[in-house]
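Below is one structure; the comments refer to it alone.
Think of it as A, B, C and D in the order they're written, each chain with its own count starting at 1.
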């Protein structure tokens, strides 16, 4: 049987508070027995993997380049795509639910792909989205701590399963 | 020498006013001698291609499925990716500049990819983006008519060339 | 309505005889009014595009990098994939029929993808394939000149249409 | 630190002898402590995953569709690409070395991508390749049993590391 897989997305450079938040998110995911998938590089991705490994969680990095050495030190399973940012959509498709921690435009593309595919995104200090129409963005949900974010993420997984 | 290539993005279903706007955008692009690239399907994509063809412009559709017959009737060059929404990033990379007409989440993913790659997006009734940080989104520019959108798009191309 | 699109595949470095053959293939394709799609780079790809342009044919290059400037001088429509050799399968999917001119391993991957997708490959000095089983490779057909290769290719397109 | 990752490729339908061989290959990989990556579907892919799981190995399936339920029962980590056969090249890039068990055209495309990327392929009842030129295909090596194939594969990994 397949693992539950939680996606963590965020920028390759981040301030210390965001890094701390990402590490806590990784720890909370591992404590609950799920695997973590991310983009496999530095910044938020590395902090989340570090947190997950500190709790003996399984870490998967879907990396943009052709070189598995570009994966951060805490990635156990580097998936080598050679697709550049084209790999973002695969990260989203491979995750049951997404947690966005901070984030730049790459993160926004992943949030958009997730919403487009009907997946839930839990946001921690990330983008607010507003459409010209009045439909709102119900699948983008705010959390205020790592624990709350992972709790919300697991509620989504449980509701589906 | 390669053509100037203008990307038009938008949803596969759209209201009549949005369809009209997309068709005018296609016409304006063709009048200025550029090729139009889009996702190749229905809605905004079809309306833009129809407009471009009415002015004898060249139309390219980067389609998500494995079947070139999924391209709308006005696409002259279907690029068959078989990558689903993974093809969105290629559309963005292949365009000199992007014009977004209306749009749902798929369009948002294309806007995000464009901004991530440093490309300019001209928006017509599309998403507003706001970050938790105060950086703003300078490369996402609003237009209020098809002609203004295409004028802004060509200023970008000229500035680059 | 979409153009007929003929794929030409081959290595980015080739000897003068192979280059000559590729250029003739490009000329023959353009004379018959079809568009040419290739990988967009040097060698066989460039020679085929050069031949097509000398007969005012339309040339499409599906390039592996993120930079449209990597397309050869004779490509009119660069499709920028950023997917490295992952773009090979899209080239194959976008062509009605494939002509292989010489070729290294990248060409072999394209032949294999074409056969896997049920497409016909016309080979000019390219790979011979032999399976452990006795099934043979009926869709890989040998030609002995550029003209014969393009004639065989168009028979395939006509049979389908 | 990342796992050693061995790729197993082969068709989604196979005769009992090939299935048996694939299962043994999976077992031998797991016994040596490496993770197994495959295309995640039925046939050779499923048999190899089943063998690996019987020895408590880690199994990764890089699946072509958008639905993780298409992964076989023995895949623990489904990577959901939505890229169809475009996913083949990622499987190859993500593996340290490839073992081909039997195989149809899809397998041939993976062998070609592997050779193109300079990777070693160990073949068990798979394709023979012959070029018009006399260069040979030194990185395609024959084995005659599951154990010999996995031994050869690990020699490659050790030589690299």
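In this text, a contact is a pair of C-beta atoms (placed from the backbone, for glycine too) under 8 Å apart; a residue touches a chain by one contact, two chains touch by 3 or more.
Small disclaimer: the values here were computed from a predicted structure and weren't measured.
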item: Intersection of the contact lists for chain B and chain D; value: A, C
item: Fewest touching-chain hops separating chain A from chain D; value: 1
item: Of all other chains, the one whose Cα centre sits farthest from chain D; value: B
item: Inter-centroid spacing, chain C versus chain A (mean Cα positions, whole Å); value: 40
item: CA centroid of chain B to CA centroid of chain C, Å; value: 28
item: Junction residues of chain A - those touching two or more other chains; value: 66, 81-86, 89-90, 117
item: Interfacial residue positions of chain C with respect to chain A in the complex; value: 66, 81-86
item: Sites on chain B touched by chain C in the complex; value: 1-3, 5, 35, 58, 60, 62, 66, 68, 71, 73, 75-83, 89-90, 93-94, 117
item: List of chain D residues in touch with chain C within their complex; value: 84-86, 88-90, 102, 104-106, 108-109, 111-113, 115-117, 125-132
